[in-house]
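Each of the next two complexes has chain A plus one other chain: chain B in the first, chain C in the second.
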Partner chain A sequence: MSVVKRMTPDRQRALNLLKERLDGRLRSHLNSCVRCGLCGESCHYYLTKADPRYLPGYKVDQIAGVFRRYYTLIGRLFPRWVGARDFDEETIEEMVDVIYGACTMCGRCSLHCSIGVDIVYLIRTARSMLAEIDLVPPGLQSTVDAAVETGNNMAIPREELVDTLQWIEEDLQLDLEDENASIPLDRKGARVLYTLNPREPKFFPLSISAAGKIFHVAGEDWNISTHVYDVTNYAYYSGCETTAAELTRRLYDEAVKLEAEVLLLSECGHGFRSIRWEGPQWINRPYPFEVRSVIEQIADYIRSGRIRLDPALNQQPVTLHDPCNLVREGGVFESQRFVLNNSVQNFIEMTPNREDSYCCGGGGGQLSMSRYRERRIEAGKLKADQIRETGAKIVATPCHNCIDQIMELNLVYKLGIQVKTVAELAADALVRTEKS
Partner chain B sequence: MRTYHLVLLTGFGIFSLISLFYLIRVVKEGRRSDPSQPEGRVLPAVVYALTASMSPLRKETAYLHVPTYTAGLLFHVGTFLGFGWLAIHLFQLRIGPFLTTGSAFLLMVSAVCGLSILIKRIVTPEMRILSNPDDYASNLLVTGFQALSALTLLRSDLIPVLFIYGGVLFLYIPASKLRHTIYFFTSRIHLGIFYGRRGIWPPGARR
Partner chain C sequence: MSQIEIEGRQFEVDGDGFLEEPELWNEEVARLFATTDGTGELTDKHWSVVNYIREYWEAEGTAPMIRKLCQHSGLHLREIYELFPMGPAKGACRIAGLPKPDGCV
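Now for the complex of A and B:
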């Protein structure tokens, strides 16, 4: 028999958080894992390096073991017998390493778990506990802090954003040979409020340009807010729900202020998941506007004939990487395929794809946690091999985190590919008609 | 009523009460309200979560591990068959020799499956790291129950031993990993709700 040790106040806060979150869903998942070990093949970390610490079941046990120790009778009385563990320094150190450093929260293991444990949900809860005691890895925390303090995760000053968008607008006018082509800013009453990943104005202006081109040809009534535009929400990854709610509330307020009917999200996996699905739970209210991914919108433009595309304008073989948070965890499966099938001549599916797609390794906030870079690149080898097998020259993916990771994989594993957003390929295939 | 009847019934009674408590608590605690606009329907997804999603055609942990999956499936069938025979013995129902012999065979097969899963846990280094004493004990207890159930069908003088064993097993279930008897269903229902709202399950409903 073992006595539960006294907790330091900060650790007690983390345990209290676990208790506060303990609803029927969390309790079910915490009690279900039978440690069958079959989940290994679902995890890109385990598949690339057969370290048992990378088994999803092992990661689950980090939080489930703590739960058993403090919130079950048998775990309090006979901790060793049931694998209950004290929430001590050793446990916390291991939790940080495997919960932050060896998981992208891609959800592949949850989908295939032999029992049905929502492993991502448990990882998120574990991250919340660690965030409660300020143990978020510094790179990830500074990304969150930048978003909170400056309004975007890359700390881009507003003037710089406006300059960039104006430059893109001029470029768009030249490209379309139409002086009416524009990037409307801060316009109240526009039907669509379009968000950006700060990486776009900073490093990938072409993807903003592509979206602008499509909106213009489709005759969309749209605009971008220069005050609140960041589609990302890294607090989802850090586990701090208070901050996640704050960032969601800002977007919500801006969309309401600008009277938008549609909050249109640029190509960002976790941004889609955070805003579309988690956001209403964080701020505990429904949205009075619709939330969509831009690729769903482009697919609608094609279906309704608002834009016409010519696949012959994209001749090179293209493959698609499914971002986990948009597809497996977000439910957008076919829109990106529909757009690509209309935009490129030779579209090759990766195997496996859709909900079975392997994570590229860039999710979970991994790109901002430099201490785990080596692991991230190693885990990405699975995706690199998948890409190579398709023989494609272009990888399309509707997510900027995935783009960054695949670009890095391209360099490390010498894939010889280009990486593009889906909107970029659609914009390249746009056919101007008299009407447009 | 003999002592061994009492042991079995007491074990079963305590198991039922605790299980009911677990179930009521999970239902009562519910889940966090989700004001997001749903994209799909929850009920078909929950049905899918409890049925086709677990088939070897869909579930990677099944189709990549067919021997383990099959052994696991038979192991669980054997457990429920064993419980069924406990009831048959308790109520002294008459069952024909064909079903009795068939059950004994199936119970022996399922016990062998349980043993094979236990051996896999013992000899695979990854599994050893993942396992705690309860994992071994739970398996051993259930495997033993199945083997004893099979023997009882061949030698009825072992029924008192089976009743006592069954009573102990019932007592152990809520305290150990065997409580997944209850939480397995609630987990899959919650997973179905999650994927159903987002239009991910069932696969036919996707956008």
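Now for the complex of A and C:
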């Protein structure tokens, strides 16, 4: 009896998914690891705990071994010769543990890989296989489910969002001493459609106020949709690409409906990567609008003189954490630095930074998977040490997920810092001219 | 699931320290949880937030929006962040014995 026939229907589904995706690109990445081990030195899990199971190459081998077993001739005939691995209970358990539980998909290993294996792509493919057989860890899956079922990952009803935005608007008018300051809702034809991370209206609205303040002073023609208002796409992390496509399609349809020229994304790493770079592939069509991060937009306002900032208004030393999915994986390197250099008196870079930055440990859906919390905090020590070394009192980071992880690192490693979005610091430095 | 011990008392919690069985919550639990996340001793202001979150959750099955929290407690947003260094979700909701909210928290 062939191996494939012995397979349970469930497991066969996962193997079929792998088979369907096996194009030249995937095959070559699955076949290419030469086990040099350099990836270990790039991974925050391995660097904080030298467990060989944390080596990115080991994680890659979980899926590559299964690939060899079922989809290469030599692996089918002589599995042991080539380290091929049955897709059995033991393999699956190990896959879940290291593919979901010990990787943030930060991509630093891919950058340092001696032969350029796209490790994140392989991890995502492995997650897709596991998602296919319902093995996504609970907190991550429920976050995806909430987004699918309610339209946003924190299940915020539309009325609650509207009330919250009106409440923020009232505050904005007081703050700006201008009764015309507003948060425009559902305005067809506005140039910019601004999309939030649900955690902003739910728990952390200061970043909405900050963006609203900047848009108002810059005279931007903008609005927020009260129908589709979630910049996140946790299906990118769970590995379920049909769901990732569905969530992207909703945002796409809304931007088209509202005739937006720019779909502007709140500060969110994986949201940027998903919408900006993965989205058109998922929904298989190009966007008729531009996708930008709000920090790119703020940088433009500064360059073109639409807003004026006074760095003296932010006196405390500030450092910057580069969110992996926005920077290394997303290509936004300088906007955040330009904005901070214009917003704060004393900006100190962490080392390494930009494309070589260490992950904070919160990505990959880690923040939503309670069962791996201990590892997440342990792996975050590298970032905590980096922060401490700068001596900064404020850590700015254009990603709400990173903010939450760094807040926790702050508590555990006693860093004595505050964590803010880039827009918050820019808003605090705004100078009002008579015109604005 | 894991266990934590605070002042000699054992609690079943999830990996993030949220109570596994929210119905086992009482004020003593809140007081003890607050000692572990930088919140410290619970003042009247803390209690107005914690009790409101708890009541809201018991009625609605979810944590209240921060707007409601501010309006009902009469506290300013920034005050709430100061009272609960881990924020409204991982701080106040955890102290109020809620399960961990989904999303970027």
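By our rule, the second predicted complex is superposed on the first by the 431 of 436 C-alpha atoms of A that agree within 3 Å, B and C clash if a C-alpha of one lies under 4 Å from a C-alpha of the other, contacts with A are read in each partner's own complex, and residues count from 1 in each chain.
To be clear about the criterion, a residue touches a chain if its C-beta (ideal position, glycine included) is under 8 Å from a C-beta of that chain, and two chains touch if they have at least 3 such contacts.
This is a predicted model, so every value here is computed, not measured.
Look at chain A after the overlay: chain B and chain C fit there side by side.
Judged by the touch definition given at the top, the superposed model places A:P198 against chain C, while chain B stays out of reach. Seen from the CA centre of chain A, chain B and chain C lie at an angle of 140° in the overlaid model, rounded to the nearest 10. In the superposed model, A:L206 lies in contact with chain C only, and not with chain B. Applying the stated contact rule after C-alpha superposition, one finds that A:W277 touches chain B and leaves chain C untouched.
In the superposition on chain A, A:W81 makes contact with chain B only, not with chain C. Looking at the superposed arrangement, the partner reaching more residues of chain A, out of chain B and chain C, is B. By the touch criterion defined above, A:N401 reaches chain C but does not reach chain B. With both structures placed on the common chain, the touch criterion links A:S357 to neither chain B nor chain C. Contacts of A:Y372 after superposition: chain C is touched, whereas chain B is not reached.
Residue contacts after overlaying the shared chain place A:L411 against chain C, while chain B stays out of touching range.
By the document's definition of touching, of the two partners only chain C reaches A:A146; chain B does not.
Distance between chain B and chain C in the overlay is 25 Å (nearest C-alpha pair, rounded to whole angstrom).
Shared interface residues of chain A, touching chain B in one complex and chain C in the other, do not exist. Contact residues of chain A toward chain B in the complex are 22-25, 27-29, 31-32, 34-42, 50, 52-53, 55, 57-58, 61, 73-74, 80-83, 110, 112-118, 121, 276-281, 284-287, 290-291, 296, 328-335, 355-356. Chain B meets chain A in the complex at residues 25-37, 39-40, 49, 54, 59-62, 64-65, 68-69, 72, 124-127, 129-135, 137, 175-177, 179-180, 183-184, 186-191, 194, 198-200, 203, 206-207. Residues 14-16, 18, 37-38, 62-63, 65-67, 71, 77-78, 85-90, 100-105 of chain C are the ones that touch chain A when the two sit in their complex.
Put simply, chain A touches chain C in their complex at residues 139, 142-143, 146, 153-156, 160, 163-164, 167, 197-199, 201-206, 232, 268, 367-374, 400-401, 404, 407-408, 411.
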